[in-house]
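Multiple structures are listed underneath, in structure tokens.
Two complexes follow with chain A in common, the first pairing it with chain B and the second with chain C.
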Partner chain A sequence: MDPIFLAEAAINGILLGGVLALLALGLNLIFGVLDIVWIAYVDLVMLCMYAVYFLSVVYGWPIWAAGLVSLAAGALLGVAVHLLIISPILTSAPINQLLATGGLLFFLQSAATFLWTTDHRSVRLSLPSFEIAGIFLPATRIIPFVISIVAVIALYVFLTRTYIGTAIRAVSQDREAMSLMGASPQRIYIVTSAVGGLMAGLAAALLVFQYSVHPFFGGQFGPLTFMICVLGGLGNMVGAFIASFIMSEVIAIGGVVISTEMGYVIAFVIFIVMMFVRPGGILAKRE
Partner chain B sequence: MSRGRLVAAVLLALLLVTPSVPMGGMRQYVLHVAIQIFIWSFIGQAWSLMGRFGLVSLGHGAFLGVGAYTSALLWNFYSLTPWIGALLAVGAAVALAVVLGIPCFRFRVIGHYFGLVTLAVGEVVRLLIIAERDWTGGSLGLTLKTAGSDWSVYAIQFADKRVFYYASLAFFLAGLWIWDRVDRSMARSALEAIGEDETAAASVGIRVTRFKLGITVASAGLTALGGVLYAQYISYVNPDTLSGIGVSLKIVFAVVLGGMYSLMGPLVGTALTTALSEGLRIAFGLKLLGMAETIYGLLLIIFIIFLPSGIYGSIRDALRRRSLDPRISA
Partner chain C sequence: MLELSGVTAGYGHFTALWEVTLRIAEGEAVAVVGPNGAGKTTLLRVVSGLIAPRSGRIIFEGEDLAGHPAHDIVAHGIAHVPEGRRLFPALTVADNLRMGAFLPAARSRYRESLERVYTLFPVLAERRGQRAGSMSGGEQQMLAIGRALMSQPKIILLDEPSLGLAPVMVLRVFDLIRRVREEGYTILVVEQNVRQVLRLVDRAYLLEVGRIKTEGRAAELAEQDFVRQAYLGV
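For the complex of A and B:
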């Protein structure tokens, strides 16, 4: 196999990893604070992608404006999910929490099918491609990568330098102690859900560059996102960031060497193996 | 005969004569729905063998898919009778359960992590089926090749739905029996102890890995058997209906809705979700594509939020509260 193809796949893997990191970090943020895995998280991304599609293709908005709306929509959806579904079941058994968000997954996918049919839609953007040393790097992959890295840095700053960001980190470390400290849990949950939703909205705006929009997008990226989070250690932000790139590299290189589906299969198998080697995630401390 | 047994006997008798009751043109449909309910209750019962002890698997689609596709592929390519195919299918699912279970349980993968690992396995099976589309048929699925006649015991293909009705009823009853055996066994106490506190259980001498592996293997094998039965009845296998996150979640939903810790829970839950989806399908048909599933999802969310101990559990608790003697303080 021509090493150029491998190099290209490796670089594409990194570029994809950036966007996957957004998804993983958003999901991890919510899990770290609320201890609930939003099984329907990537379906929120799907909804925001539809928003971007309709605004930019059907109504002719410029792409950056549609992207901003996607951010806002994501944040609003995050808060809505929290208030309507998560709040009532905060104290239920974990399996019920899983099933509630699972029900949301069915609901969102079917509602999207009902409203917009299963047709794949694309936001067609003609952007240039750059060639470096024989490797083709399309702008449709570079721009999302750059923006996602900026977003990750922004998230880091938010979590470490702002008051509410620090409160969020405190809650994810010890939820009961937080109410003892006088902080309001409800406010923290809402902000966390909003930020998680915002990441989803941003990821949607970036993914729309490369992937087509359809109701079952969640099925395509959902399991992968969960696996990245678990691989990095549920709740562990740095771990999720690293794991995103590991998985995206495996998928990209596996996709080129064998086939697209086998790339995913290998990634999932690696995930399963890693679970046995390091059940707490790759950055977990040895017990 | 105690009252409970009398009721059970009457119900059983009713179920046995149902196919002979005159129903006009509706019989085929009623039998079809009943068969679906029995098969999926059987599968749900198998899942609940793990679920009730805290081993919540979100990837039982893997065992379903491995089971159904093993026997289907062996029949289509080698004309191997599904009777043997089913044994091999169960073997394959058991092998998968062991390969997964040993590392999982030895390394204490539990809770959220276990759920997500099983989810990964379910998806791996689905993706493998799709990836190897040259011989599995991929996303388009695989139709079981016909045995050429209306009644073939060798191929387990029957045009008469009543055969499948009685067969699935038999499986369902067997599933109930197995569940009951586990419920009365020492294994149950051991597994409940493990579910509550693994370390404490190990410290009193309970072989944690062995018990967990045992119940997982049982659950996997029975699920695979259910998959084979379903494949034979429908004569068609498809990676999205028999593997992956969708079907796995549906199984879990039905059991939790009906009540995970009770004998009849899986049946109640499966009957309700089947009735719900059939009812919605009839109401909407193909007119508003996706509307039926949307309402289904919405109702599931509402049920989970408002009926946390499942329908069967909630009714049972309500009845129990009513029957408490008012002279004795609670």
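For the complex of A and C:
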């Protein structure tokens, strides 16, 4: 195999990892604070992708404007999921919360199918490509990657430098102690859900650069996102960030060396093996 | 300043406190002593709003706070240093203190409070960039008390401040609480370490299986034979 293809695959892996990191960090942030995995997280992304599609393709908005709407829609959806589904069952058994967000997944898939049929819809952006040392770099991958990294840095600054961001980290370590500091748990949950939703909305605006949207888009990225979170250690933000790039590299390089499907197979096999070797995630200390 | 009357509370079908009545005047230091499982921790959790009482009143500065959520009660000026300290272990010392001043009113006086806490506990200033979870038990207890002071409280509830500390550290922590007292804070402390705590406070209540058995001046209570036998081991 020409090493140039491997190099190109490795770079594509990094570029894909940026957007995956957004999804994984959003899901992990919510898990860290609420101890609930939003099974339907990527289905919220799917809804936002439809918003971008309709605004930019059907109504002719510029892509950045449609993207901003996607951000706002994601944040609102996040808050809605918390208030309508999570909040009423916050104190019930974890399995109920899992089932409720799982139910939301089927509801959103069915509703999207009903409203917009199963057609694959694509935004089809015509952007230039660059060639550096024989490696082909399309702007449709570079732009989402750069924006993702900027967003990850912004999230880091938010969580470490702001009062509310530090409070979110504090709640994920000790919920009750933070209420003794005067923070209303519900307020922290709403802010966390909004930020998690915002990440989903941003991911949606970036995923339309490369992927077409359809009602079952969640099935394409949902399990992968969840797997990255577990591999990085549920609730561990740094771990999730690193795991995003491990998984995207495996998928990209495996895809070129063997086949696209085998790339995913290898990624899942590595995940299963890691679950035996390091069940607490890649950064967890071994027991 | 703080007055509990007929407070009954518990968890599920279990009742941990029965008709508890006690009173703390401004500037006073009061201890609640008693054996393990007497309901001491529950008592503080009811006052700070972590659990709601089934009945009874919790009057603080003329207002009944019974059933208010914890985040609202701390805004009234009641700071709770919970059992086991409950720091945010992955946050730095400075961030833990910053979280102590989460309330808007406390946040606006953050600098001033921080100065005060660092003067009281200089070791916290030295360790400000260190993760709270990596400090020794005694230092963690100082941080827990310092974090509570950051909320600009009028009264501080201390739950077993000597728990899990080495004997030398126990003496130091009591010494530090004495200094906090001298700053003018009102203190309600629950302890199993009866001998030490009775030297610190003005008055004490004896709690047994969820009921107040006796109360009195700390010195008098220490003299009572049954307290000696039960807790001092004399």
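We adopt the following convention: the second predicted complex is superposed on the first by the 287 of 287 C-alpha atoms of A that agree within 3 Å, B and C clash if a C-alpha of one lies under 4 Å from a C-alpha of the other, contacts with A are read in each partner's own complex, and residues count from 1 in each chain.
We take it that contacts are C-beta pairs under 8 Å (C-beta built on N, C-alpha and C of every residue); 3 or more make two chains touch, one makes a residue touch a chain.
Small disclaimer: the values here were computed from a predicted structure and weren't measured.
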First (chain B), second (chain C), both or neither touched by A:Pro94: first
Chain B versus chain C as contact partner of A:Met181, first or second or both or neither: second
Which of chain B and chain C A:Ser259 touches, first, second, both or neither: first
Partner chain in contact with A:Phe145 - chain B first, chain C second, else both or neither: neither
Touched partner set for A:Phe217, first chain B, second chain C, both or neither: neither
First, second, both or neither for A:Tyr41, with chain B first and chain C second: neither
Which of chain B and chain C A:Ala170 touches, first, second, both or neither: second
Of chain C and chain B, partner touching more chain A residues: B
For the chain C and chain A complex, residues of the former touching the latter: 48, 50, 69-71, 74-75, 79-80, 82, 86-91, 95, 98-100, 102-103, 106-107, 147, 151
Chain A residues within the chain B interface of the complex: 37, 85, 88-89, 92-96, 98-100, 102-115, 117, 215, 219, 222-223, 226-227, 230, 234, 259, 261-262, 264-265, 268-269, 271-272, 275-276, 279
Chain A partner contacts - residues on chain B that touch it in the complex: 51, 56, 58, 100, 103-104, 107-109, 111-113, 115-117, 119-121, 123-124, 127-128, 130-131, 244-246, 249, 252-253, 256, 260, 288-294, 296-298, 300-301, 304-305, 308
Residue ranges of chain A in contact with chain C within the complex: 163, 166-167, 169-170, 173-174, 176-185
